[in-house]
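There are two complexes below, and they share chain A, which is joined by chain B in the first and by chain C in the second.
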Partner chain A sequence: MLDNLNLLVIAPYLGVQLLLDGIFIGAIFALAAYGLALVWGVMNVKNLSQGEFVIMGGYFAWYMSTYGIHPMYALPVAVIGMFGFGWVVYKTIISRVVEKDMFTSLLATFGLAIVIQQGLNLAFGPEVQVAESGFPTHTIPIWGGEITVAAIRFYSFLICCVLAGGVVAFMKKSRMGQAIRATSQDVRAAKVMGIDTEKVFAFTYALNAAICGAAGVLISMIWVIQPFYGITHSIRSFVIVTAAGFGNLAGVLMASLGLGVVEQYGGFILGAELQQATVVGMLLLVLIWRQVQMNRVRQAVQ
Partner chain B sequence: MTAVTDDNATEAGTGRRRLMSRNDSFIFAGLVLFGILGPILFPNYTFQIAVLWLMVLFALTWDIMGGQMGYNSLGNIFFFGAGMYICAVVQVGLFTDVGAYTSVSGQGDFRFTPDQYYIGVAVGLVAAAIGSSLLAVALGWIVFGLRGPYFAIGTLGMALAAGELVGAWGWVGGGSGIPMPVYPGSGDGKSYFFYVLCFVAAIATFMFLKWLYSTRFGLAINAIRDDEDKAQAMGIHTLRHKTVAWAVSAFFLGIAGGLFGNMTGFIEPLEVAFPTVTFGIFMVAMALLGGKGTIWGPVLGAILFHFVKEATWTYFLGWQWVTLGAIIILNIIYFQQGIVGWLQEKYPGWFGIEVDARAPAKAPSKGPAQ
Partner chain C sequence: MRHFTRWSLAATAAVAMMGTSQFAYAASDCKELILGSAISFTGKYSTNGIHAKNGYDLAVKKVNETGGVKIGGNCYKLSIKYYDDESTPARTAQLLERLIKQDGVKYFLGPYSSATTKAAAPVVEKYKIPMVEAEGASRSLFNKGYRYLFAVLSTSEQYLASTIALAAEIAKKNGKKPGDVKVAMAFEQDPFSLDVRAGVIDDIKKFGLKIVIDDKLPRDLSDMSATLTKVKALKPDLLLISGHSKGAVTAARQIKELNINTPMIAITHCEAGKIISKFGASTNGFLCPTQWAETLSYKGKAFGSAADYDKLFKATFDGYTTVPYQSAQASAAVLVWKDAFERAGSLDTEKVRDAIAATDMKTFYGSIKFAPEGNNIAKPMVLRQIQNGKYNVVAPLEWASSKIEYPRMVK
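And then the complex of A and B:
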């Protein structure tokens, strides 16, 4: 551990490499986390199957790449496919737990997560998969060393920005976006004003699944996917949303990039086997920090 | 949350729920009879029935927090794993050096005489129980400022983190685990020995909780479930009660962990000691299936769940997990009050709950599901 720290001091370009990787990965985390914040804020459902949606999206890309189709083309397919899937999940499961208390939605989505994990495992096997994009990798000399930037990471970062911008514009300008925002403010008032909240809920959940699907396609190209990696993605989303609060896109973005960077550094300094532990450790730290914050005003985190 | 807690407040007004004592003792006698005759009638299933008793213990201990106190933990499995590791370290460490033992995975010149083995198990189980309780007290400082979903996620994170950290801790064997000391005797002897211990542990848990829920402490944790702020205003030291409740469930889970580690003979952090998505979620599912917030619910739920689980393992091999996930979802969506909760709603008389026929039937409306 100290050796690795020392290495960072001797070779500062490694730090730049980690920082860049963290930002590229963090941008994708932001997508999934924004989806969670949306669902949480609008319908008060804590979606623990968030990570599984991401992994499902990844399998779209990987599956298409096994047929020789470039995984980039999987992006629209995954978005549409996951939108449909999200709608079905809402109609069959989520619509029945929206009215109930929070633990119900948490546990129901945890059950859903298990079903999706195992379904993917049965369908595609437990191997770790990568969707090869075939884009070149560039090396940039810096401070006596050189850092490598895969072109695909850069493109995926751009796609993230475009997608996030698109979602924000949609929420601000479109009729449905307005309805979603109104519902998140006050469900009853929105109902009184003639908004079909049931439809808004279904749309929000499906939109969340679609965003996660897009994130998954990018993850499968710049990182790895495996049926059981979903839970870490779910926890990441929870860390980010807990740290940033919902309805706060700038906060979600900063927290995501921060988490991505911390995770890269944690994995490097503590060793790769503790990278997952870093994510979970961040969750505990954020929760403790929130408690300290709330304690000052004599409140519990709820 | 307010609407839900109001329901519970009215429910608490109807008095404490209890099975009629005669029914109680009949069912209890039946269970004990099954416990004694089980391994004699079905000697091939001794291990399975022993695990069944552990499942009963899991569901009961989860229900202390989730059912009676309204704190839904997803990470109680942490104490199971902690107990398992404490027990293993004590069993090995009493007679030899733990680091040396784990570094060669128990191979080499490590022999335990029968006396050493039994002393090790006895001391190990006590240490596991006490150690887990102490961990619960220590962690209580961290997690009890969290409510609702944050508590669930926080405890889940705790269990996941524990698995990862133990996996990176070389002294206790890291990811490759610890082989437990070998039982001095035949395989059958081993399975009966641990069967008896599991059975006694489950029965002891049941008796203790039954007593605990009838005391003032039981009322206090129910008050915390119904409305924590009001309970606090009434002078209940909520943090202390919550910590004690958690320590109680950790105490028994620690024993269960020590027993299970010895039964399987090999412990390892991710699959055996901290299996968050298997045992960790099973204990929640079992308590919900039977009906949380009741004393018989978790017992019934655990027995049913275990049979369903074994059946799916046998007949839907490959699909067992999908089936189990589906059961959890269906249970949560359609049958949230659980079996005993439903019975309680339907036949409140059986449970000693008096419903005034003239009043609009309202009192035990929602059952313990919250």
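And then the complex of A and C:
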């Protein structure tokens, strides 16, 4: 561990490489996390199948690439496909548990996650898959050309920014976006005002699935996908939302980029086997910090 | 309702018969000899489990077509009773008990994977029933003193060990001391990869190389850029990676993305990860260990040469462009059974066990001779290098078809 820290001191450009990798991948985490924040905030469902939605999106890209179609074209297909899937899941499962207590919705979405995992396993097999973009790797011509940026990472960063901007504009400007925000404030009041909350819930859940699908397409071109890899994506989303809170896209974005960077540094300094442990460690720290914060608030009220 | 039940029973029976008829032959003058196996048709090992089953089935078919098994003047046709262990070790053990107690099977072929074989070994040991397995390579299977477990494949600590000797040799040729050769390693934390690592460490000590990175990869690995960034800084001469196909795929992708130019890179499971078709020219120069390759000049009685087996396998089963070594070694396990039955001249499990222990045969899969611990000591691990998008055997020299490219071509 000290060796690795020492390495960062001797060759500071490595830190830049880690920072860039972390930021690029963090932007993708932001998509899934924002979807989770949306569903959590609007309908108070903690969606444990978040990561599985991401992996499903990845399979769109991989499946299309096996037919020689460039995986980038899978982006709109996955968004539309996953939107439809999310709607169906809402109507068949989530609508039945949305009014129930937290435990029921946790169980239902956990069950859904297992069904999706096994379904993907049956349909596509347990192999690790990738969708190859074929984009080149660029070298940054300083520090002796040791820093590389894969074009796909940069493009996916841009796509994440565009998608996030689109979602924000949608929430602010469109009627449906306004209805979603109203419902998240108070379901009963929204109902009284004539908002079809059932439809709002269905739309929110479907939108979440669509965003996850987009994230999955990008993940499949940068990392690898496998039917059982959803769980780590779910955990990341939970960490980010716990840290940033709902309805706060700027917060979600900052937390995601931060998590991406921390994960890269964690992998470098503590070793690759603890890279994902850093994520869970972050969750722990966030929870402790929140607890302290809340205690402070409580004291102020007294 | 009763009608329905009867009909569905009849239908199931018919389907089952259609399923088995492919390999069932008129048993006019030959009796049936049943081998048992609990193997993975579903779950995470399903792909390779089915490769192994195809290997078993092909060898059974071949043996039966060429006169069956002759034991003391009687003729027997082989058949295999399968159960699906759902890729779960606990299930493997249960199903073996069932095969022994309810189905009365007395001769076993192995399951797929080291984990399930580890669960199977104590069961066959308890009932004193011999098992010839072909898909469990973990070293830990052969240091427990099991008497009834035999494996035709090379154990996992041999997977990457030969690269160390190779690197030391190349260093000497280039006028460097082996002590100057820097090795970077990244191994998954699972029984298989830890075995691979143990074998590598032994040889590193033997040749006196220097380890500069020794990272452990997580089970659900999808990013190893942190490790590779270290590789970039420390510039090792040899990079070793083992983490099943996810390790191979992740490494191949990120070695390309991060422009890693280590002169010698060795990765396990290149074939299973299909890295050539996924990442093309950037994989040129990778060294990949394999149990078996169709280009090797191995020959045996039953199937002829390795190339003949390759041809027959592709003609028998649809959808294979290359024959996985998992299938080849499965076939070899069946050949061991036939050979042992005939030499034992008896169906007594003890006598057959002793005959298996005394096996010394040449097959299309390589020579087979068991150590007292049950592992095959006559067949080396083969090292192939990806050259122009093809796997060419470069070590051991005895079987090599091409010269190793060093340093590896970096675009």
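One rule holds in what follows: the second predicted complex is superposed on the first by the 294 of 302 C-alpha atoms of A that agree within 3 Å, B and C clash if a C-alpha of one lies under 4 Å from a C-alpha of the other, contacts with A are read in each partner's own complex, and residues count from 1 in each chain.
By definition in this document, a contact is a pair of C-beta atoms (placed from the backbone, for glycine too) under 8 Å apart; a residue touches a chain by one contact, two chains touch by 3 or more.
None of the values given here were measured: they were computed from a predicted structure.
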Contacts of A:T139 with chain B and chain C, given as first, second, both or neither: second
Which superposed partner A:Q276 touches (first chain B, second chain C, both, neither): both
Partner chain in contact with A:V128 - chain B first, chain C second, else both or neither: second
Touching partner for A:F154 - first (chain B), second (chain C), both, neither: neither
Which superposed partner A:A11 touches (first chain B, second chain C, both, neither): second
Touching partner for A:W87 - first (chain B), second (chain C), both, neither: neither
Contacts of A:I288 with chain B and chain C, given as first, second, both or neither: first
Touched partner set for A:W223, first chain B, second chain C, both or neither: second
Common interface residues of chain A - those touching chain B in one complex and chain C in the other: 121-122, 231, 271, 273, 276
Chain A to chain B touching residues, read off their complex: 46, 93, 96-97, 100-104, 106-108, 110-115, 117-119, 121-122, 231, 235, 238, 242, 271, 273-274, 276-277, 280-281, 283-284, 287-288, 290-291, 294-295, 300-302
Contact footprint of chain A on chain B as seen in their complex: 1, 4, 72, 74, 142-143, 145-150, 152-154, 156-158, 160-161, 164-165, 167-168, 175, 228, 277, 281, 284, 288, 318-319, 321-322, 324-329, 332-334, 336, 370
Contact set on chain C toward chain A in their complex: 42-47, 186, 189, 215-218, 220-227, 229-230, 232-234, 245-246, 249-250, 253, 256-259, 272-273, 278-279
Chain A residues touching chain C - in the complex, by the definition given at the top: 4, 7, 10-11, 14, 17-18, 21, 25, 121-122, 125-128, 130, 132, 137, 139, 146, 148, 150, 153, 223-226, 228-229, 231-232, 264-268, 271-273, 275-276
